[in-house]
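Shared between the two complexes below is chain A, which pairs with chain B and chain C, respectively.
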Partner chain A sequence: MNQLTIILSIPFISAGMSYLLGSYNEKIRDAFNVIVTAIVFLLIISLYPKVSATTMEYSISDIMGTGLHLKMDSFRYALVFISGLGWFLGTMFSTQYITRYKNRNRYYLFFMLTYGFTLGVFMADNLLNLFTFFEGMSLTSYALVIHDEDNYSHDAGISYLSMSLAGGLILLMGIFLVFDYTKTLEIGEIGKTIQLLTQVKQYIIAGLFIIGFGIKASMFPLHTWLPKAYASAPAPATAILSAILLKTGLFGVIITLVEILNANLAVSYVVFIIGLINIMLGGIMAIMQRNIKRIIAYSSMSQTGFMLLGIGMIGILGDDGGFALIATLLYMVNHAVFKLLLFMAAGIIYMYFKEMSLNKIWGFGKHKILLKGLFLVGILGIIGFPGFNGFTSKTLIHEAILEAQHLTHYFIFEIAELIFYLGGALTVAYMLKLFIAVFVKENKEFQGQYKLKFRKRALLPLFILASIIIFIGLFPVYFIGLLSGTGQMFNYTLPLEWSFFTRESLMSSFLTMSFGIMIYTLIVQNHLVIKMENQMIYVNPSYKWFSLEDNLYKPIIKSVFKTLSDIFKYLDGWLLSTARLAIKAGSAIGSFDVKVLPKLEWDRYTIDLEPNKIRENIKEKVTESKETIQNSVSDKFNGESLKMKDIIESYKIKLSGITFSIFLLGIVIVLSYIFIFIKK
Partner chain B sequence: MSQLIQLFPLLSILILLIFGAFLTPLLKRKKIILKLHIAINSLVTALSFITLFYVAKFGPFVFQIGHYPAPFGIVFKIGPIESSIGLMFSFVMTMVMWYSIFSLEKEIKEKRVSFFYILNSLLLASLLGIVYTSDIFNGYVFLEVSTLAACGIIIVKDKKENIKAAIKYLLLSSLGSGLVLMGIAFIYSISGHLNMTYIHGEIIAAASDKTNLLLISLILFTIGLGIKSAMFPMHVWLPDAHTNAPSPSSAILSSLVIKAPVVFLIKIYYLVYGIEFISNSNVFELLLIFGGFGMIMGSLFARRQKILKRLIAYSSVAQMGYIFLGIGLGNELGLTIAIYHMIAHGLTKSSLFLSAGSFIEQTGFKNIEDFKGIGKEMPVTLGIFTLSALSLIGIPVLPGFISKWNLALASIESGKIYLLAIILISSLLNAVYYFPIIINGYFGEDNLDGKVFRSKSKPIKELIPVIILSLVMVAVGFLSGSVINFIKSGISIM
Partner chain C sequence: MNNLLILLPLMIPIFGSLSMAFSKIIKDKYMKPAAVLIVIVNFFSIFLINNQVNIEVLHIIKMNEFIDIYFRVDQLGKLFSYMAGSLWIITSFYSLEYMKHEGKERRYFTFFILTLGIVMGISYSGNLFTLYIYYELLTLSTFPLVIHADSSEALQIGKKYIIYSFVGATFIILGMMILFSITGNLNFTGGGISDIVLYPDKTLLLISFLSMFIGFGVKAAMVPFHSWLPAAMVAPTPVSALLHAVAVVKSGIFALLRTTYYIFGPVLVKELNGDKFLIPLVIATIIMGSMIALHQENLKKRLAYSTISQLGYIILGILMLNPEGLIGAILHMINHAVIKITLFFVVGSITYMTGKKYINEIHGLGKKMQKTFLVFTVAAISLVGIPPTNGFVSKWMLGIGAMDAGQVLYIIILLFSAFLTAAYLFPIAVEGFFKKEEIMTEEGNMDPPKMMMVPMVVLAITIIFLGLFPNGLIRFIEVIVQDVF
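== the complex of A and B ==
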């Protein structure tokens, strides 16, 4: 057993064990799960020295179709590391959060299974393995999305599952094409041979792969499942969905672009532009929302835009792409950390009220100092406040945009910079909306201490995350050092020095902040709030907007389905009527009347040897039998008659007799000889 | 140590003959007989298992019986194919024995029980002999022993139709043996040897001027062994025999007895005549015709049956068609899959017959119509039945699918695309006659009306052997890659 396979198999084994333990004792199961995830996390940490020295590879042949090929380099390691962290803290948080839900055992089972599949996605070095794990992850996480099993979550679940499966099939199509053209499924090998293909084929493959992975990464216009699914899953599951599962999609896009397509320029631009759309759309939608989870969910979409921007820049920057790659990777890690924190904090609010709408819970956190502080750290992280982790990655992405502009002088990068600022400002605005509504406003309803509905130790994971945010924020250079192996892996040269707290970066950060505060005061406070009976009500105008899912996808799918079903119904009817005709014909033949003539009775006469008498006898007999024949013919309708079916049946019985079998055998032998000698 | 392991194939046959067949009549108490036979069979399975491992590690070996070297003495050649088929035979036999402990007395008279076990030991010994031997006449002797023993386990039920079926089987089968004997006589007159390797040497030398004689003997072997292994138009004895025999016997007949002649036939093709001579003649095309017709017609016949066991019996005819088709393709993959399918079908059919036997035993019905709603009364047993049926229909991962898939690949490889249609139609027909049983068993309000949940289910203790069988079946499907590679390694040395 290799270390990688051990890490990969522990979640699967413990999923089953936790289910068994859980039906016996829930406390033991909770402790067991926390310990298992801790062990996996420690194992992942202990891999670091090896991974930073060399790339680990391991393969087992003869399983999972093409054999299982695992690979661990510093790029994959960063993602595996955040998965380990996310699941460890998520499990810890779940033990506090899930206590009053139904089907707890099922939750843990699928939580751990999703863990295993996600690790598999990040470790797989073979497209088929990757696909298998990817699909497994979609299916098991579906069980997490519909955990509440009310109408809303089932609706979300349908969206999530159908889009995931569609994505999976599209990806599979891409994999088929790749295998057909390059004859290999090893991710590292494909890049070497794919350049020999024509441009069109490369673009088709790229399109299929990026759509397949992009659905998981909530790429525009395939993001429609995201707000629903995130809002309906339990908080720890949402945290994992946003922090880690979203990254599997981005991971896929990165390996498609960098490893498979050798950083193709056109595809890079497409990803880049989709990133810009994602930033704007996600930000605008987030600012409209009233449900805390939906705000953070759309924020995930907007943040994905920043990461796609970075991914696109890997190709655009060419030889300096390593810089963008490191920036993106850092962004992915950072986003995982603060999204875990924010969703868990939202979960704690949910534990009080079972309610997420700002209109109900405004002013709740005014006196919850601890929660307020933790939430604030998360917000400062996400908006990129200097000294918190979001700042570091945003600075790098910004520098990358500036460099691209410097390199190409294209106008698009000026727009990109503008959108970068605008997106940052929108982030500031919706987070400010959330924070002010929940933690700053004074609400008389919530005055005085609310009785705690959770143990204080539920906050422990949040503390850990907050300290990570601050640590990365304060010592980014050290952290970049840990990631820099990735750049060398793809043969990129990296800058020798990383500077974060420069004058420009601080300036741009404060510019974004002030811009964001401006948006908040001008738009949120004026247009998204109605005053009713001295109370502020938040409204969401985006409900009436054009919905991609309801107004575009569903009608298209329905009409396609309708047409196809009509066509097939017609074909089906035609086939059925033909078959019915054949059956009718058969039964008509079967019930065909067959006249059976009565057997002529030739009695044995004693025959005299005299010729005359013989002649007479014969004459007599002939007339006798003539009469019988005539009688039987004239009594045509009274005579014995058999159905054709019965005749066939009677022959069948004869056929299976011993004598006939031997006869048949003889025929077979003769025919065989004829066959073999004639064709010789 | 390796000397000792090389002794194992012969040892297992001797143990079966001495302790299983000749010692048992001396014992009086039934319990001791049962224990003895379970012990013997498990021992044989263990020996086969060790042999398999030995072969996998150190490669094939030749064992001279009584230390007489090849042309004079009898020689066992144990390679991957022989050892894996031997393991399948002894394993399935052990499981069927285990199952029969609980159910045999409900089907046959008490005084016949020990008779049944004696015959089974004799049968397994002769089947293993057919598989292992490298001597053509020795193979014929074992073939005769197996025929008689198989007749015995049909007739053990003492009913009128059993005797009828057994006589039919005996007549046709001895006709087949006669043909084989005739073939051996021809071969012997040409070559003057009985050992397969030596005959092959002589045949190569004589191939050019005695072609007709060789072809005649080839057809004699093909048809003679074809009768014994229920090749399509010669299958007429099979449905009667398999339907009327007690269920454990049906399982053995269908999964072991009709497989051994095929192994013998493959050996004759490849070891005696050699691939060059065979591929110059048209015998493979003949096998393709028989196999293809068997696949379709067997399924069509099965679809019309009203008695459950008869349906399963006809399905065996169709499945044997797959095996002959695989051999008839004449390429390496086809032959590999034919052997893989023997193993797969052996495991699947035995669990299918045993679970059908439990239905019949618990309800007393025989017809398919009466088994509606059986899924509520015997959910576990029908579950096993379903799993096996799904394998035959060809649901991925299960071994039946693996063989169909690879058979399709093999037929593409050999350039006979039209065979794909036959494979597809045949598996469609499989679905047509297996699914109604399953669906009517589990679903349908009318069917489930008045049935009490698990009212007739067997104690789980009695189902363990069938469950083990179906688990091993799933494992064979799951590990198909390594199994197929192992068999392939055996074919390349053949």
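== the complex of A and C ==
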């Protein structure tokens, strides 16, 4: 067996084994899972020399119709690496965190299954395999999102699952088109033939793929599932969702743009602009939130924007796209690392209170030095403080923007630079809000009486992550060397030298910081807080805002659904209902009251020939009949009153002989006609 | 002499069921083992004659060219007989346990086995007339199974079933007569009756095609002749599972395959534009089935409407009139049979063990019936068409067929319906597994007895196996396709 398949299959096998072990002994299962993820991580590390030397490929035919085709180049390796790291630390953290939850066994089952599928997504080189793993990942991570089984998480779960499934189907649509146009499913091959297609077809494919992957990457306007899902999943699962699963979507977008569409310029600009929107929207929403997890969740959305910016620039920079690619990749790795740290730290707070609202837990962490320190490292990482990892990737993205502007002189890049600063400043502001609320303020409720509810061991993964943040931050050049290796990176040539701690980059970092502090003091302090006597209450005005999901998607879907199902319900019964209607109409007609006028009788024999008498006679008769008619009309008449049914019946009897014979004749004529017609 | 072997699978069940009918021949004690034995022996006879090379044609009665009953073994017939034979075995095991709870077992098994013989007749019939005869017999032999409960509701629905079936049969007769008067030949020939393309009277051929398609479409639950299918869910679950998701409706599909590809042939149908007339109905079938399934609270009814929608997929594949579409259709015929029978078995087990029939009654039941709901989840995932399950493979082939036919619309409809499928099936699994339990008195494991559990697990494994390694089956089907195109 190949190394890649071994790495890929271990999580699946161990998922089942851990389930069986767990029903026997939980401690053994926990240890087993940690060891397994550690082994996988070590295997991934041991892959490094090979991958940096050459691209690894491996395929098995005859599985799933089209065969399984795996590929590992430096780019995929970086993502596989952070998955390995994320799951290793996530499992370690889970063993401490998840102890007070129900259904622990199920949690680990799906946690490990998601691991396997995610590795599959990053390794697959066949669109169908990619789709398989992608769908599997959506389904298994759904079980993680709704792990709490309360209404809130089910609500989030429905959003997550339905959007994921819809995204998957849209992606499948794209795959169908690609396969029809290019007759191949190998991702590496598609790029070669797709150029022969018309622009429109390329754009349609691009649209379908980017929507399909963009849902996982929380691209605007497909991000609506994100805050809910992140807030409802258990902390280690959220950490994984944000740090790794989000990257599968971005990975898909990169694959689409770079490998399939050969860095199509128009699509690159679209991605770029969506990135700008993501930065702003995510940042603004994050600053409004009061729930720690939601703040970090929206922060993920905002950070995704930066990565999308980088992805867009791969195409925009053209031949220098390799620079943007490395910048994006570095950003993805960095984001994974600090988001893991932040969500795990939030998880530790949650372990104390089962509560995430700033209004309840403000001032909790003032004396928790260790946690405070770790959280601070995460925050410094995310805001891009020099010496921490976020700084390195932000610097690269910034340089890429400057270069793009230099290259094209388009106005959009000036806006982009502005938004880049603004987004960074927003990041500073909301992280400052979080940090000050939880770790700086003094709250008398929390003095001393909250003993540790977890073992110190739970902080170990956080320490590892913090040290990685600092390591990357201090030695970025070395790390990029590791990242890019000498293996292939979509045939881009990479810059030879990297410089990070230049005067400009430091300046721009401090500009962002000061700008962010300004936003915090001006906006957060003044508008998002209501000061009570001895307490501050954070408010979230965005609840009243227009919500894409509640005010747009749901009504549209509901109305479409309702009209469609009304139509079809009608159709479902139309044969029967028309028959019933006919019967009803028949009986309704049959029950009409019909008044039968008495027959007017003329006495023929009394007619006299004298004109006067005749006249009189007629007059008499006429008045007589007039009376009867008048009587009958004015309802005084009590004569015969028949139901229509009876009348028809009586006519039927009279006519039956004739009708029947005519009917028979008709049938004979029609039948013979048919046969003559046919025999012709 | 060899040719007479073909009678084995046709006659074993019929004689079996006749002897089953009398308690003097088969004692009560031996009834159930005997039933299973007959079904298994029958499968071996199927296996035997499907692998006999030199069986060609067996004429039973030949009064004239029209009234000519004869049997033939070809690839499509082999496939169908294998499918029916194997699923019958699985169902017979399942019913052994399940029917304890419905009663009247002797009557049930009598007609259960009789129906098997008739389905065999359908799969081996060599011309349209024979197919038609067996098709009518199928209605009659399944009628007692549908009204098994003997309640007035069941009888009412039985009446509905009979009326719908016979209306369909009338259409078939009409089409057959017209066709026979034109061609004088109703024998199945791959790619259509020879020279049928040359007959000048296209309008009549079109009328004949449409009327036959609609006639057989009644059994295949094509809109607007579908409403017997959800109603017939009043039958015991194994009956619903086997007859109304597998045997009866699939006989309809099989007959549609025969008329389209073995009587008229894809070339002629395309020339007649027969597909254009029917596609709107089929699309309505697909979307409508899914849409209405969403509104059903009764689990069995939900599955019944889902069947309607899935049958629409198959008919769509048939009407694509290209090799990939046909592979997709035949593959989906098999896959859907396996998936749907699994789903029905699960719902049957839920009813059997807890008496619950509605979706809002099964909160947290998955924690008590873990294996059962796991099987359900696998089948549901497969029906939605998520890899690596067999449902995805057939949908993939259908999608490729649609692209070949140049119809992106079909794919959009397939995917939209797949989304709806997820919307009506996943909530059942989610209710079962992820909802907090309501007060439930029974403790511990509530999975059904082994006799029911084993068939379900076997089917679930089949679903995944066929999803991972579909190539063997596809190769088998490719032979059919090569014969036809």
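The rule is simple: the second predicted complex is superposed on the first by the 569 of 680 C-alpha atoms of A that agree within 3 Å, B and C clash if a C-alpha of one lies under 4 Å from a C-alpha of the other, contacts with A are read in each partner's own complex, and residues count from 1 in each chain.
Note that a residue touches a chain if its C-beta (ideal position, glycine included) is under 8 Å from a C-beta of that chain, and two chains touch if they have at least 3 such contacts.
No experiment lies behind these values; they were computed from the predicted model shown.
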| item | value |
| --- | --- |
| Which superposed partner A:665 touches (first chain B, second chain C, both, neither) | first |
| Touching partner for A:585 - first (chain B), second (chain C), both, neither | neither |
| Comparing the two partners chain B and chain C, which touches a greater set of residues in chain A | C |
| Touched partner set for A:418, first chain B, second chain C, both or neither | neither |
| Those residues of chain A which chain B touches in one complex and chain C touches in the other | 62-63, 675, 677, 679-680 |
| Residues on chain B engaged by chain A in the complex (per definition of touch) | 167-168, 171-172, 175, 179, 212, 215-216, 218-219, 222-223, 227, 233-234, 236-237, 240, 281-283, 285-286, 289, 479, 481-482, 485 |
| Chain B-facing residues of chain A, complex | 61-63, 655-656, 658, 661-662, 664-665, 668-669, 672-673, 675-677, 679-680 |
| Contact footprint of chain C on chain A as seen in their complex | 62-65, 128, 131-132, 135-136, 139, 143, 146, 149-150, 154, 157, 161-162, 165-166, 168-170, 172-173, 176-177, 179-180, 564-565, 568-569, 571-576, 675, 677-680 |
| Complex interface listing, chain C residues touching chain A | 177-178, 181-182, 201, 204, 223-227, 284, 287-288, 291-292, 294-295, 381, 384, 386-388, 392-393, 396, 399-400, 402-404, 408, 411-412, 415-416, 418-419, 422-423, 426, 430, 434-436, 467-471, 474 |
